[in-house]
Amino acid sequence: MSAAPLLRATGIEKRFGAVVAASELNLDIAAGEKVSLIGSNGAGKTTFVNMITGYLKPDAGSITLAGRDITRLSPRAITHLGVARSFQIPQLCAELTVLDNMLVANAVDAGALSFWRPARRPQAVARARELLQRFDLADHTGRRVAELPGGVRKLLDIAMALTGSPQLLLLDEPTSGVAAEEKYPLMDRVMRALGEEKMTVLFVEHDMDIVTRYASRVIAFYSGRVIADGAPAATLDEPEVRRYVTGTLR
Amino acid sequence: MTALLTILIDGVTYASWLFIVALGLTLVFGVLKILNIAHGSFYALGAYAAASFVGWGASLKLAPSFSLVAMLLAAVAVAALVAPLTERGLLRMFYGRDEVLLVLVTYALFLILEDVTKLVWGANPYYVSEPYSMFGNVDIGTQSWVGYDFVLVAVAVVVGGAVWWGLNRTRMGKIVLAVIHSEEVASSMGVNVSKVYALAFSIGIFLAALGGALTAPMISVQPGVSVGVIIVSFAVVIIGGLGSIEGAAIGALIVGLARSLAVHTWPVAELFSVYIVMAIVLMFRPEGLFQRIQARKI
Amino acid sequence: MGRHSPGRLFAGGVLLIVLLVAAGALMPKWLTFLITMAASHGLVSLGIVVLMRGGVVSFGQGLVFALGGYAAALLFNKLGVTDALLLAAAGGVVSALFTLPFAPLLARYRGIFFAMLTLALSMVLYGLLAKVDVLGGSDGFNMGRPTLLGMRLPDARVGYVMYAVTLSVAGLMALVARVYFDSTRGLVSLAMRENELRVEYLGGSARQAQAINYVIAGFIGGVGGALTVMSLGHIDPNFSYWTTSGEFVFVAILAGHQSVFAVFLASTLLEVVRSFSSLYFPNTWQLALGLFLLIVIRFVPRGLGSLWIARTGKPAREAT
């Protein structure tokens, strides 16, 4: 087991008026972990994710990534340090092809003034195709995103997040909006593709079957606090979790 | 002191004219979410129609006071004939599309109407000067103003009041307000949004045409009158806030006074003063002075 | 690249320009003048296409058109700079410098508000130019004949030489624009047009990209203004009037944002309609333009360029 955690949150506090979104949050995430964040709506999971990506700043406390303090950094800086996220509703460029969508991440990295570097140069295309292959999306390479079915869009949304080879990947409800019988295949594909990169993954999920099957660790939120943290089976069985998250305890 | 008074009166009279002209534009945007470049073209149609109607009245040997009625009828005629044709025949095809796209559609309409007026009325100027001298002159201090200008102020107040009352005190008005706030919600509550759109558009066109009709006696009605009006109406409406009646009034006052101030103290600024104010408002308070809609994206 | 290889495209473009310039020697003067205007005006519309690829439409490019034109004309009249190429470059540089401070501000606006702010700025310049007598007021002023690389241009040749210069400069800008569109920055613009949020979360800056696009459009438009003034011999504040800006937008919409060639094709179409109409149908050419615009918006919404470039950015005949 490695010594220093990849992500460390210390004493995070965040309020929106009277609503407590985070309170005394202390978390360590080690490299390579597959962690699921669970909790009912408004529990603070998404706020936490937004604070990691830099779109929200905590009122107090700090967040470090690989030892570096990222609490006050801009979202762009944090992205460049290796944090990427996917979206509950896939955020894609509808009129562009699947390949072009994948190339956008690479294009962004090229710098603000590189007017002469072709967007579709060989190395970038090769990397994009390789990722598409891993996600079983190669057949869709030349298709316009607007023509794609929902499950494919979800996969593409996640694949795009990987183009920059992030250290930390945040998945926001990867199986939401996906038909029940497609959830396992989708997550299988995602985890298989990620496995090859040995990535640290945080995923927000509401589906407990998915959580049990794919997470090595579960963190449960309620009212801005962590109420449970541990291996899936055990954590999901805890009375607090059953009362406030899964609703299986009266 | 008299200089200040002159500036004020000039400003207010110009503002009244601006208000009558710009009110329809802001109303159409508020309800249909369309920024209508062709608004000035309807203004021109009103001016031309007024020229024709007043001309017919004169040839029928009707009393000079009929010319005022003629101008009103001209505005009604334009609205009645052109509004349904435009709204149902053209705009309806593009509802729900990108707002900038709709501006381009109205730009195409502007181009079309420029030539339509030329085809119907020819390229030579029309003069409708009789009504202008009907109200004599008003002397204030050392300056003399044409009574007609003050009549415009009265008309502006009446029109503004009527529209305000119509929106806020009548049942139909409340329905229109609902559509302004959210077309989707209103529609799901059973409002016939189509009808509201048609109504709002007709009123907007009527107001534009009325502005044109009332202005006809003050200018020579010829091709190109629409062009200057469009841009200054945009300025008024942006400054006041798109979709806001009060905004149109305040915007008109600001533009009117700014221009009047420039004309009397620093003539070089006469033209760009209006657009500087428009640019400044857009830079610091893009929703305009009376917020109705969300502005920039950041 | 998804389309033709860069080498082939470059060669094809150069060949086209060479052919047109050569053919110009055989054309009547009115035709070379028409094409010259189409090319120099087309540059301003090309600038609008640069912005459209980022998701915004400028209704005030008359601003940079006028800036470039007045810069060239003033440099000629007041400072004795007469070289056509130098004046064209100066027009672009002056416009770009002027747009630079406004670019970060404009980069925060989208949709109607971007359109209105660009419109307002162009009208401010118009208002200023129309009333400043030193610059000729609303009548504007004339400009003499430019020179080329030290050579004076005789009456009989000046039209053709300006034609050649304009086509060459416009052609160069067109090729550079194509390279830009196919570059990483070009892709970021296209992506931003579709989904700014995603671009931001990938680490990009939409504001920065928009600002850069605005300055580029300013430069190209300024060059277009300078070239126009040199062939026209006259400049006036109408260069910055909203109806002038409207025509540039018309051409950009007609062309669509995918093909650079389409921009110049559309610009030529406008010039042809404008020239022939004043002879044969003076009261219906705007009607024709308006109807044409409506037809394009309704049935070919992605512009003429989409007729030969498929939505995937590849030539229409090659699927995938």
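Letters A, B and C name the chains as they come in the text, with residue numbers starting at 1 for each one.
As a working rule, a contact is a pair of C-beta atoms (placed from the backbone, for glycine too) under 8 Å apart; a residue touches a chain by one contact, two chains touch by 3 or more.
Nothing here was measured: the structure is a model prediction, and the numbers come from that model.
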Next on the checklist: Taking contact as defined at the start, I'd like the list of chains shared as neighbours by chain B and chain C.
Outcome noted: none
Next on the checklist: With centres defined by CA atoms only, which chain is the most remote from chain A?
Outcome noted: B
Checklist entry - How many angstrom between the C-alpha centroids of chain C and chain B? => result 33
Checklist entry - In angstrom, rounded to a whole number, how far apart do the mean CA points of chain A and chain C lie? => result 43
Checklist entry - In whole angstrom, what separates the CA-based centres of chain A and chain B? => result 53
Next on the checklist: For the complex, give me every residue of chain A touching chain C.
Outcome noted: 53, 75-76, 79-80, 84-85, 91-97, 100-101, 103-120, 141-144, 160, 164
Checklist entry - Okay, in this complex, where on chain B does chain C touch? => result 35, 90, 93-94, 98-101, 103-105, 107-112, 114-116, 118-119, 123, 227, 230-231, 234-235, 238, 242, 267-276, 278-279, 282-283, 286, 295-298
Next on the checklist: Per the contact definition, I'd like the list of chain C residues that touch chain A in the complex.
Outcome noted: 1-2, 6, 179-180, 182-188, 190-191, 193-195, 197-205, 208-209, 212, 311-314, 319-320
Checklist outcome for this item: Touching chain B in the complex, chain C uses residues 57, 59, 105, 108-117, 119-121, 123-128, 130-132, 196, 242-243, 246, 249-250, 253, 283-287, 289-291, 293-294, 297-298, 301
